[in-house]
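Note that subunit A is present in both complexes that follow, paired respectively with subunit B and with subunit C.
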Partner chain A sequence: MIKINNLDFAYKNTQVFKNISLEFQKGNIYGLLGENGVGKTTLLKLICGLQKPVHGSVTVDGITPSMREPQFLQNVYFLPEEVITEDTTPEKFIQKIGVFYPRYDFALFNQLMKELEVDLSKKFNELSHGQKKKALLACAMSLQTDYLFLDEPTNGLDIPSKALFRKVISQYCSDETTVIISTHQVKDVENLIDPIVILDKDDVLMNASFAEITDKIYFEYSPERLQDAYYTEMLPGGYINVMPNTEHLESNVNIEALFNAVMKNKETIKNLMK
Partner chain B sequence: MDFNGHKPIYLQIYDHVCERILSGEFRSGDRVMSVRELGVELGVNPNTVMRAFERLQMKEIIATKRGIGFYVCEDAKEKILSEQKKDFLENEVPEFLKKMELYGLTMEDIIKCRV
Partner chain C sequence: MNNTFNINRFGKILKHDGLNFFPNFILALAILWAIPVVIYLFTALMPTDGTTHIYDAMARVNIIDFLLKIAIIIAPAILYKTCNDSRKGIGYAMLPASTLEKFLSMVIFCVIVTPIIYMAGALAIDSILALINGPYDGFALSMYFDKYAQIDYSIANHDVANLLDDTWPLFINSLSPTFMTILSLLGTLMLSSIFMFGNMIFKKRKTGKMIGILILLLIIIMIIFVNYVANNEAITEYLKQLDEDNITEFIERIIFIWMNAALYTEIIVSALMLFGVYRKIKTQKY
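Now for the complex of A and B:
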């Protein structure tokens, strides 16, 4: 389990987190959402030990990531958004870094490269952006760490690759793994991410599973805008209304509408989900 | 599989498994694919598939056996059909009747449609 307690963090004079507390339970694929610049990447960096809290604590199964102990580092992998352009093949790259990860599986790497349809003979700098991303994803997943953090993993992937991405991530997930996907492309990870964490400037607005969300919030499709909705949006054929779920009805979470509803009613929804 | 926007995904997966039982792909006593296998096939969070399976178990459409995993119950087909029949009568028929009234259709008009 990842535990964040009363965390403060700042880059020089820019405050990023102010007294936030948050937990990530294992066995889940978390979706980390938030507007540009709220600190999604920074949070991932803090959890994997690339940054150190100013105040408060971050622990992963009781270990402090910023101590950078091998026993912790061998069980976590962070795939940043920026793509490396090393003058080497993905195969050579994974063989080089694989030695640091006890569960690294070269056969799995090959299988993933095949499933994701990446040309094995090419070097990173000869691959297209999307192919590079897929190669790095195959590398990351073949390390089989319990903690896997992906920053905007679907950026640059073509349409079939996005479906493949969902399949391989679903396959990766077990009772022991914690996957956190930071993204703006919520459509790409729809039905894959659950729970959802929504970050705001200095704050955490939501950390809830779909079951918890639909228990409190109802997503209603209607021919006109409904009163009392937290948020309404026009869709082809009508409106989607994000409503308080007063009658205990079941509905499907529309992540985009949810996000916009939370952004418009920060305190209300934060209190509602408490 | 294409999910629609309105119905919770776990219920759509529930329906999906029911359809596969009705079509005869999964037969009584047969092992059903695991939560993980179905999750991968659909590209869906395994926890969501688990929720669908829990509901299938609660409705006694599938059950677990140690060492085997989930298998299809003896009278799964009958249970699914009777549930769908109930849903049809309670939800679809009233909707249908409302439309008949709106368009001024009689039972005779409907019977004429039967091939």
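Now for the complex of A and C:
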């Protein structure tokens, strides 16, 4: 489990987090959502130990990530947004780093490369941006770490690749694996993530599972705009209304509408979800 | 699990760094290996007026030594160029090995492997060229490991206790070939550790910046030293009294002080720089 307690973090004079507390339970695929610049990548870097909190603590299974101990590092993998590759083939790359990870599976790597439709024989620099991202995803998943952190993994992927991405994440991540996907393209991770964490500047607005969300928030599709909705958006054929679920009705979460509702009613929804 | 040092993990990081060694460094090594060949060709093809140009083995040893220092200076920035880069260095930081293991591997490749590989290649090329009936006189290989024995250390015959004040903390008592070899090896370690540290603290133009800092430091030290000597009455009085009889003793005294200072400096600077490298590996933010 990842525990963040009273975390303060700043880059020189720019405050990123102010006294935030948050928990990530094991075995879930978290969606880490937020507008650009709210600190999604920074939070992932803090959890990976690539940054150190100014105040407060971050622990992963009781270990402080910033100590960068091998016991911690062999259980986590961070795939940054920016594609940085070596002048080699994905196969040679994974063989070079895979030996450090106790559950690394080369057969799984080959299978993932096949499923993601990446040419095994080509070097990274001969692959397109999207192909590189998929190759790195195959590398990351074949390491079978307990924690997998993906920063904007669908950026630069075409539509079929986005579907392949969702497929391999849901199919190959074990029940023990905790995945945190940071993204601002919420539609790309629809039907994949649960729970959702929504970050705001200095703050965490929501950390809740779909069940917890639909228990308190109702998503209604109606022909007209409803007055007491947190957020309303016109869709083809009507409106999506994000409402308080006072009558405990069942509905399906529309992540994009939820995100916009939270952004428009920060304090209200934050207090509602407490 | 031992999070500080594990021999299996250390083997893995050595292998990892080793796999990066040749692809990253081979071009620079090839250029350094080629320089003596270019000098050879230049010497061989130079027009002569009947006399033979002999390219002495000891002169070649000095060139190889100089190029070795270049190899040592550039090695950290080539082999571990991205390890402190906020984007490209993430992979290195996240590799499941301890700080000590990463540090030791870095030291091994920069301080031991680089000189060995460079020297092996350079001496092999020199030997091949010496076998050809050309301008080379003798083999650098036969002389290299014995080079300090070639120098006449007449000072070694003196009684150091009479030569120096008792207050000087001496590490050595003669400028023997063994001492000079140790001094040279420590010099290599110091040079390497300085540029390893520079590689860790600078993000771009790492080697150039470190050379600039060293030149600046040298100028500052020289100014302070000259000022100190010029303004110290005891020293100036002593220098005025120097005549032909005691000038040799003075020079010997200076050489001994210099050598001792060099030894202390090499040990202290190397230790500080290596500690700095270790700390930077451990605490580098990305």
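Keep in mind that, in the parts below, the second predicted complex is superposed on the first by the 273 of 274 C-alpha atoms of A that agree within 3 Å, B and C clash if a C-alpha of one lies under 4 Å from a C-alpha of the other, contacts with A are read in each partner's own complex, and residues count from 1 in each chain.
Everything below uses one rule, namely that contacts are C-beta pairs under 8 Å (C-beta built on N, C-alpha and C of every residue); 3 or more make two chains touch, one makes a residue touch a chain.
It should be emphasised that the depicted structure is a prediction, and the values quoted were computed from it without experimental measurement.
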Fit-or-clash call for subunit B and subunit C when the two complexes are aligned on subunit A: fit
Where the C-alpha centre of subunit A sits as vertex, the angle toward subunit B and subunit C in the overlay (nearest 10 degrees): 150
Touching partner for A:Lys45 - first (subunit B), second (subunit C), both, neither: second
First, second, both or neither for A:Asn28, with subunit B first and subunit C second: first
Partner chain(s) touched by A:Ile84 [first = subunit B, second = subunit C, both, neither]: second
Subunit B versus subunit C as contact partner of A:Met1, first or second or both or neither: neither
First, second, both or neither for A:Leu73, with subunit B first and subunit C second: second
First (subunit B), second (subunit C), both or neither touched by A:Phe100: second
Subunit B and subunit C, minimum CA distance [Å, superposed model]: 27
Residues of subunit B touching subunit A in the complex: 3, 5-9, 11, 36, 39-48, 51
Complex contacts: residues of subunit A adjacent to subunit B: 27-29, 163, 166-167, 170-171, 173, 191-194, 209-211, 214, 221, 240, 250-252, 254
Sites on subunit C touched by subunit A in the complex: 1, 3, 6, 9, 12, 15-16, 19, 23, 87-88, 90-91, 93-99, 101, 282-283, 285-286
Residue numbers on subunit A that touch subunit C, as the complex places them: 45, 48-52, 68-71, 73-74, 76-78, 80, 82, 84, 87, 96-97, 99-101
